[in-house]
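Below, each structure is written out as structure tokens.
Two complexes follow with chain A in common, the first pairing it with chain B and the second with chain C.
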Partner chain A sequence: MSASTPAARVLRAAGLGLWKAVLFVLLPAVLVTIWWFASAGSTDPQVPALSVVLEKFSTVWFTEPFSQSLFVKAVVPSVTRLLIGFGIALVLGVVLGVLIGTFRPLRDFLEPALEFFRAIPPPILAPILMLFLGIDHALKIAIIAVGAVWPILLNTIEGVRGIDPVLKDTAQAYRLGPARRLFALTLPGAGPQIFTGARQALSIAMILMVIGEMFAAFDGIGSAIATFQATFATASMWSAVLILGSIGVVLALLFGAVERVVLKWYRGYLRTQRGGA
Partner chain B sequence: MRHAKSFTLATAAVALTFTLAACGSEAPVLEDPSASPSDEATELDGLTQITVGVLPIVDVAPLYLGVEEGIFEEHGLEVEIVKAESGPALVPGVTSGEFDFGFSNATSLLLAQAGGNELQIVAPGNFANADAASDFSSLVVPAGSAIASVTDLAGKKVAVNAPKSLLQATISSQAEAAGVDPATIEFVPMGFGEMPAALAGGAVDAAFVVEPFLTITKQAGATPLDVAFASLDPELMVAGYFTTDAYATESPEVVEAFVAAMTESLELAQGDSDTVREALDLYTEIDPAVKSEMTLPTWLPEVSEDSLELQAELAQKYGFSEGAELDPSGLLP
Partner chain C sequence: MAGKTHGADLSVRNVRKVYTGRGAAVEAIQDLSFDVKAGELVCVVGPSGAGKTTLLRILAGLLGSTSGEVALGGDLVKGPPPGMAVVLQEYGRSLFPWMTVAKNIELPLKEKGVPKAERKRLVQEALDAVSLADAGRSYPWQLSGGMQQRVAIARAVAYEPQVLLMDEPFAAVDAQTRLELEDLVRALWQRLGVTVVFVTHDIDEAVYLGEHVFVLSNRPTILLEKVTIDLGANRDQVATRTHPEFGRLRNHVYELVQHAKKGARSLDEAGLAPAWLPANGETTVRQRELITAQALAAPVVDATADVDDAPVDDAEQAGSAEA
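The block that comes next holds the complex of A and B.
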């Protein structure tokens, strides 16, 4: 560490933040600009001008009153179902993953069944699940949870299995109880891998959110996209795609924030590993 | 020509799964050595090859029948029929040139046109039957349903094959006529194939089905309500065969031949329902017990401008077009 005044450090941090912000928006800005000029004056009905697409935000999505607008009616149920489905996948994946990762016989016992179910794309189960769950929220949430659970489950299993044997022996030697052992060793130890799985699961959940809403749906973003496609409202369809992408960015940022807090120790650990040795 | 005919059928059958394999498999069965090699890649054995994109539903039986009976061949056309998943998917198929002609309900075509696609309906697809009770379509409710008529539909979930479709317009207009605000009905899009199970399982309260699903649901105990395509107009033209304005301008003789062959096929189908039921085996797997029971649509040879106007009016009234003006006369050749 070079000798620097606190003021200089703050300035440098601010500069770094600004630089990061610029980098963050640079590529999207370039892409939007290219899209704007390449599509300007387009007469191809499949590729409307970006200006026409953006108009749809005021005429289709954000109409007055806001509470009755398509944005509220489509995005709120979609994102709610996404978060619930993802939450269920997270809990199921971590609980089962810890159990399977800890007990070897359980793993051998369950593996064929798990591989079988993992190979089934959840959307094709929709017409069957419909018979048990109806076509309301439960069906859409189930499709998301069933698809998103796998990366979390598999990563948790690997994370738990990969915990340093020395740490396990230490926990044994200190005679840590099962609860202590779970919260002090297993979960933190598998944490980085659980987050890796959860990050993959989040993007799978988003895809399944849309696909699930294309079957028998009367609300949600997927349903809106299906309707726009069926009625040849191409510009509105593109505007829905933009909204979908934006939700993806927001969720990724939120996820990153949670990860930074929960895995703070891990970042510190990595730094000492790199710098300390 | 017996040989040539079966060859055409075989090609059509193969084409369903292997669209690209057609060229290679044709050469060995060429019978006429004097056939002059054409400079047009689409011409072979004096026949012009065309591709028609359809939905594998009862409505398109006359096309399959006409191809099987050699009507299209007589008009110099060799038809390759390609099955597609949904009506809206057929429009890009035709505008991109993948298909020369396509089959779609008129409401979708009106909306496609408003969306900037330059299309025209060259031949009618199918028509409603005299009245709701004898129509090939109907709104049905499951056995034991509390819904006795369209007035009970408020707040109920009703399955339709596509959002903002002719089916939705039909139900909306009948509901409105009975004093029910159509906005209170929840329309749930799903494939016709999924509707019988959804209805029986209670996932939806009612479903608008067409044959063979009308007979399938009825055999499962469902009750038809007095709402069908025929409720809008006893002679409603439901769907049509369409192409792009550009194709019609470039190949007027192909379009003319297609229309002539289609007209003959429609007349043949209308006159001989037994042959139509047989022709269904060419592209569907309808249970024989259902097939013999079910109602066939009406097939008339003339495109109905009145029906286009009615479908346009309803689509605009129920907000299918985002406020865009629909132009029924623009869909006529």
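The block that comes next holds the complex of A and C.
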């Protein structure tokens, strides 16, 4: 095989990209097709035809002007709160996780309490938090942050704890100061675990975003779904579910892109560890 | 390397280490005292489980001793001292996998506050010194085991330490690479003038590399013998290793370690004469010189230790100065 000229390599890379893209959309396309034909001509109001559901995109979500459309009014506040809540969870989880993971006595002291709080299903906190925070943005953000912080926190603790003692010795022997140690050893060392936690936290945050909005509905996708459901606008409700799912896919793709950049070393590292090279 | 760094004296005084974890306390090191002069290369050997790594970690300031003290360049070691670099056995685990080779070498220099341009130069020189000039942009895990250990050595070299501690650095590399790395360590040591403490379980390696070899007992560890390796400054994998003196010293250390394994706690218990004393009356010229030197050394030491003599000398000098 003489396929190592630059042109050939670009073509092969493009081919690989194309193949991946095909794989990526294949199953969704099949599912949508099945849905389309299975629901075609449906007269059951609970299960409207997919064509009817898709119609709602133009008549309900993307009405003119765009800035006044339901899409902007519902999706923007939802996603904003999601990102803020997730951001708070990320910062809090990593900061506390590094502290708790680094200091053994702190860990022993806090572990039982952490286990307790982690065991509480976050949606339960919604009515309680409502008492303190009202029903506004603060509540919805707090529900997301409080629920999403746990996987990040616990994974960060594990990640920090699991850093190779030989690396710690090396850092100590070369007298790395606290700041350099944090950025050269602790954070990158716990990085893979932090990303694992953050990925879990992102899906939890999505769930809590919707739950928070259903509890105290005045805007957002969750609120829209609750309203559609209460008014028997079933097709619109289904369309909201499609939008929600799409947001999830977009966020997961963005997350994956960030992870690929930040943990680039880790993928290569794992490959050599497995290959035994 | 431009600025030749200068080694520092390393002194170990009555170091004892008892591990008190769960269960019974384990006395790893009973009592160790020795000196390494500035710019010397010494090797530490002993049976496996002789507390060699424990000793090195204490020297490095990574582990506290139960009692006794370690001083580097006259300063007590309480934590990792400045001017000390370490190369550990687990090369794959002592390099930061998220940093390129160059960044790994540069990291301690940043902490030291070396300016950027200077850092760049030191990194490149260190890579050149270990024959890895082009590997700076690679990640450690992209390199072979021997190359990774070279990177760890380059990191230590770039740091321009006064003392270099090496803990079985070549235990996990293949035999050929090992010989190359041994010569690399000798060459760097001669060039840098740094004090090197090299811990190994390989007796041939210890005799080949060291100016002195410290032979340790089983745990609880004591020093069995400080063997002076008189094989000259320039060692050669073929000529040195086939030299009769190499064989004699190697066999001596080997026998001593074998006895140490069985629990011998002194040369007498091992039934061995000190290495510098010929076993059967056949002495080389060099050995006779050594024996004479040792014999002469004794009264000299006594004279200086004699308290009465010193004031007389001083008084005489003072008197003559007045007159």
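Just so it is clear, the second predicted complex is superposed on the first by the 268 of 277 C-alpha atoms of A that agree within 3 Å, B and C clash if a C-alpha of one lies under 4 Å from a C-alpha of the other, contacts with A are read in each partner's own complex, and residues count from 1 in each chain.
As a working rule, contacts are C-beta pairs under 8 Å (C-beta built on N, C-alpha and C of every residue); 3 or more make two chains touch, one makes a residue touch a chain.
These figures come from a predicted structure and were not determined experimentally.
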- Task: Put chain B and chain C onto chain A via the superposition and say whether they clash or fit.
- Result: fit
- Task: Using the touch definition from the top, say if A:183 reaches chain B (first), chain C (second), both or neither.
- Result: neither
- First (chain B), second (chain C), both or neither touched by A:268: second
- Touching A:46 in the superposition: chain B (first), chain C (second), both, neither? first
- Of the partners chain B and chain C, which touch A:24 in the superposed model: first, second, both, neither? neither
- Message: By the touch definition at the top of the document, which applies to A:236: first (chain B), second (chain C), both, or neither?
- Response: first
- Item | Contacts of A:227 with chain B and chain C, given as first, second, both or neither | first
- Quick one: minimum Cα-Cα distance, chain B versus chain C, in the superposed arrangement, integer Å. 49
- Where on chain A do the contacts with chain B and the contacts with chain C coincide? none
- Message: Quick check on the complex: what are the chain C residues that touch chain A?
- Response: 57, 60-62, 79-80, 82, 84-86, 88, 90, 93-94, 96-99, 107-108, 110-111, 139, 141-142, 159
- Item | Residues of chain A that touch chain B when the two form their complex | 43-46, 59-60, 127, 130-131, 134-135, 215-218, 223, 226-227, 229-234, 236
- Query: Which bits of chain A are touching chain C when the two form their complex?
  - Reply: 164, 166-167, 169-170, 172-177, 180, 184-185, 188-189, 191, 265-266, 268-269, 272-273
- Item | chain B residues touching chain A - in the complex, by the definition given at the top | 86, 88, 91-92, 95, 108, 111-112, 114-117, 157, 159, 162-165, 186-190, 194, 197-198, 201-204, 320-322
